[in-house]
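Each remark here refers to the structure printed beneath this line.
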Amino acid sequence: MAQEREIQNVLQAENLFCERDNRVLFKDLNFTAHRGQVIQIKGSNGSGKTTLLRILCGLNDAFRGELTWFSKPIQDHWEDVRSSLIYMGHRVGVNKVLTPHENLRWSVGLSTSVINEQIDHALGEMGLRGFEDSQCFTLSAGQQQRVSLSRLLLNKSLLWVLDEPFTTLDQEGVNLLERLLSQHANKGGVVFVTTHHELLLPNLTLLDLG
Amino acid sequence: MDQVTTIEAFTATLKRDLLVAYKRKNDIFNPFMFFLIVCSLFPIGISPDPARLGEIASGVLWISALLASLLAMDSLYRNDFEDGSLEQLLLSPHPLYFLVLAKNMAHWLVSGLPVVIVSPLVAYMLSLPDDAYWVMFLTLLLGTPILSLLGSIGVALTVGLGSRGLILAVITLPMSVPVLIAGTLTVQEALNGASLSGYMAVLGAMFFGSLTLAPLASATALRISVT
Amino acid sequence: MWMWFAKLGSPRWFYEISTKWLPWLASAMCILMIVGIVWALLFLPPDYQQSFTTRILVIHVAVAGTSLAFFPLMAVAGTITLVWKMKLADMVAKHAAPLGAWFSFVTLATGSLWGSVMWGTWWEWTDARLVSMLFQFFLLLSVVALRSAIEDPDKSAKACALLSIVGCINVVIIKYSVEWWNVLHQPSSPLSTSNGSANGPEFWMATGVMILAVYLFFIVSLTLATRNEILQRERRSQWVQEIVRTS
Amino acid sequence: MLEAIQFSSLREFFEMGGYAFNVWSVYAIFSIFVLVNMLLPILRKEKIIKELKRRASFEKAETNSVREP
Amino acid sequence: MDQVTTIEAFTATLKRDLLVAYKRKNDIFNPFMFFLIVCSLFPIGISPDPARLGEIASGVLWISALLASLLAMDSLYRNDFEDGSLEQLLLSPHPLYFLVLAKNMAHWLVSGLPVVIVSPLVAYMLSLPDDAYWVMFLTLLLGTPILSLLGSIGVALTVGLGSRGLILAVITLPMSVPVLIAGTLTVQEALNGASLSGYMAVLGAMFFGSLTLAPLASATALRISVT
Amino acid sequence: MAQEREIQNVLQAENLFCERDNRVLFKDLNFTAHRGQVIQIKGSNGSGKTTLLRILCGLNDAFRGELTWFSKPIQDHWEDVRSSLIYMGHRVGVNKVLTPHENLRWSVGLSTSVINEQIDHALGEMGLRGFEDSQCFTLSAGQQQRVSLSRLLLNKSLLWVLDEPFTTLDQEGVNLLERLLSQHANKGGVVFVTTHHELLLPNLTLLDLG
């Protein structure tokens, strides 16, 4: 994470507007994400949280308004955004026939070079010790979620965009993830996260979609 | 922990796809079996008479290879789409062109190459005249990668759809007709004793054309399907 | 009766009884096979028509005959797996499928090698035996493919059991329909007429020895593979650990 | 017994009345087939035993060293 | 709010599957298009000469129908498995036999029937001799349901698998050989002017045999795959 | 719900034992479900909650031990069990191209005859008014969950088996579902539910898988 841009606005939205099927999901949405912020997006079911997160990653371009990345229009800088982004959606991105280790080797390896020990260490941290070499279809729902979350430990990315990462995690997993989020923020990262449960973090910003 | 180069990302993707295929085994075995079985339906459905079989053999081989390569395509992006890996691929900082190329390459190695290798045996069983074996083999070797590359566009376009299977075929088969024509013509001309360099050049041109253009189209199609 | 059935289902019982029997079966197999091969290769008089190629038939007929036993075997094992959930049946079935594919393949290969002499062609679609053997080969491979496609061992056991039963019915239907098809096609090739080829009693005796030898080989090989499967699946039981320690 | 042998020379034996390729191929295929299907299970058994032994010693070591404090 | 009878559950399932097909449209349109396209590959790949085409037409039609019906099968249980509806089906209190039959029926109506209906047209295009149109049509009308019922077993066995596509074909195609033989022989004998009642009886027997037995096997296979 | 069996044990497990991949998930598990009970199954990720629920529905038979249904061995009474069961798994059982209404018409219609008004009413109750005729792929994750949950309002089943039904529901949805569970229990039903959050219900029994 480059040191010189310390206090800049990482990601800023101005007058975002989005509708689907003639239902306006949000309009005049403004927010600024600084380094060190965890932004929790709240809202009832169907209020557009997932849609918003996908917009931020460039996985959805059916919106109007202005998005800037370090104060520059985001359209021209998707490459930059992608190289400092981790996204986790409703689908976890874990191949069922590969083992957790092999899954991470690829999904992390797409952007960062890692060695095997790091991967095994990260899996251990996420409570998957002993499961490194089981194929993922034998893992429970929560364990697959944990495989996907291990990426957070291996990529040194600035921006985390996490869509309901707490589902299917048990209490201990929830605590672990909360700790990770606040650590990331403390190190100057930015986190967007949607969840329906109360997050207990010091540097939390709420963004309510209604 | 450094950023990786595009080439590293390319090999990582290639390796991963080969690994998935290796673990599933069936991905390698099935296109090949499908090819064998479909080819052996023709003597039963049409005629067991060697003379008549020999006449239709080159067409049958090419059509079966086309269908095998087409139907094997389904597994190219589908699983990745369903488990979310495809989103990760799209969000990687590297040009999608190369990642798509890596996936196509892995896929052809796994599903196309075995078909090409077994084709002389099947050609014998279908009483293809002796002189045409080598030509058959070569046209398939050049032709099946083209079919894979074209098929990849079709799969990419249809990857998010609920109903699958045949929509892919309906989109891709018409695209593949020129390859089929070039392939079977080459074999037939070989049987007539004509010189082949011209025909092979056409196939070669198609090959290089699709190698450069098709992954671009696939990449675009993937972005459209996933967003 | 029930006791015996339950006992038969126990992998341990099978492992122990086969330990006793295997050496005998294996040596019988070796002796018969050597006798058969030497007899066939050295002593069989040349057929007036087919010359020394009857030496091919000895092998071909033995292997072909045995290869017909696989689907019935797998169907029975499959029924046992599905109805009585007996693990041993599945362990046998699991290895029967690839072994059967081997047998079918060797039948096809030896048949072709013979055919290239007799008919001047390696392959001929107008012969019912050939075509139905080819499809039996495909069906066996499809059982193998299904086995390796389903990752969960329990599930793949049951799925393959069902497929074997369906496949067994199919092999019969295919055989008859291919024959029917052939009769109606009135093949012009020489095969249909050559069935009564006059092979002497000596030929059939050598072949008989060979058939016995190949059957024994089939049993021995399948037993060996099944024993491996037992070791692996029961690896955590006391008695297997005992075997591992003492071996 | 010996006079029942159908060949008068080794060369004749190898030629098989002109069908050497077919006859010897069949016997080659058959012996490969028999050998492979006998040897593979035997070799696999050794591998399995080795693997199980390794695992047993591994587990023993683990239960010995990692006991509750 | 009463318990429903098995017949009501049967019709509910039938209606729902028809509705899904209606909404997707592609499910109806694609098998049919696939059939047309594959049939038209043969004049291209083999020979455009009407006389030669006419000789192979019946086989080509049957093999194409076989492939179309097979490849359309994929959608029979797959989506239901993925979204969890299949579990609901298994947990219904009614005999699975009838529910599976309902699904098979809906599927044939949607994917098999259109192929049968268009077959005379394709037969014309492939220069099948005139006398054989009706027989072709009738054999396909009796034959495609058998193919669907057999295919259903294969799909049910493979529904939970990650790698798909061709494993289904590899399992089902060999099973379909007798149907193919019966179908093409009937047409050929019709061309030879033989009496057809015997042949039709064979197809009819196959039809009733698979109607009673295949759904049983499918139901068992589904229970195996989902648990 | 038959009145005469009022106080019987609906479902009873004795010495249940299950292992997967040589890992013992649970052993010597005993519990009895009476009418009016909500049984929450707890446990960390991968502890076997989903496996247990699927065993109870007959979707998994890789277990040992004794299960009884109204004191009779369950093997012989799967038909009975199924006709008084609602199961909701990790996969919600909602067809993407059909509308919520059509989905319910089938999934409820498999066991109970309903009329259109009842379905629309139930969807309204679950907060899906206005979405009755949108195809389900346009619904958000939580809304699809709600479609599936509407079945609870339409089937008069004795036994509910719900695997993490609270995931992706917003706060209001969670409250609604909790109310439904306790109502069902009060009317004499039995609920098995897994979830990682604390349920605030009067008649709750906990079953911990560790």
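Here the chain labels run A, B, C, D, E and F in written order, and each chain numbers its own residues starting at 1.
The rule is short, and it goes like this: a contact is a pair of C-beta atoms (placed from the backbone, for glycine too) under 8 Å apart; a residue touches a chain by one contact, two chains touch by 3 or more.
Computed from a predicted model, the values in this text were never measured in an experiment.
Traced through touching neighbours, the fewest hops from chain D to chain F number 3. The set of chains touching chain C and also touching chain D is empty. Chains joined by the most contact pairs: B-E.
The chain with its CA mean position farthest from that of chain B is F.
Over half of the residue numbers at the interface between copies chain B and chain E are found on both sides, making the touching surfaces mostly the same. With respect to chain C, maximal separation of chain centres occurs for A (centres as means of Cα atoms).
Put simply, the C-alpha centre of chain E and that of chain F have 36 angstrom between them. For this pair, chain A with chain D, the centres built from the Cα atoms lie 55 Å apart. The geometric centre of chain B is 46 Å away from that of chain F, both derived from CA atoms. In terms of their C-alpha centroids, the spacing between chain B and chain E amounts to 26 Å.
Residues of chain F in contact with at least two other chains: 90, 96-97.
In chain E, the residues that touch at least two other chains are 24, 79, 82, 162-163, 167, 170, 173-174, 177, 181, 227.
Residue positions of chain C with contacts to 2 or more other chains are 135, 138, 141-142, 145, 149, 151, 178, 181. Touching chain C in their complex are the following residues of chain E: 153, 157-158, 160-163, 167, 170-171, 173-175, 177-178, 181-182, 185, 189, 217, 220-221, 224-225, 227.
Taken in their complex, chain C has these residues touching chain E: 82, 135, 138-139, 141-142, 145-146, 149-151, 155, 158-159, 162-163, 165-167, 170, 173-174, 177-178, 180-181, 184. Of all the residues in chain E, the ones that touch chain B in their complex are 24, 26-27, 29-31, 33-34, 37-38, 41-42, 44-47, 52, 55-56, 58-60, 62-63, 66-68, 71-72, 74-75, 78-79, 82, 162-167, 169-170, 173-174, 177, 180-181, 184. Listing the residues of chain D that touch chain C in their complex gives 4-7, 13, 16-19, 22-23, 25-27, 29-30, 33-34, 36-38, 41-42, 44-45, 48-49, 52-53, 55-56. Remark: chain B residues 1-4, 8-9, 12-13, 15-16, 19-20, 23-24, 79-80, 82-85, 87-94, 99, 226-227 touch chain A in the complex.
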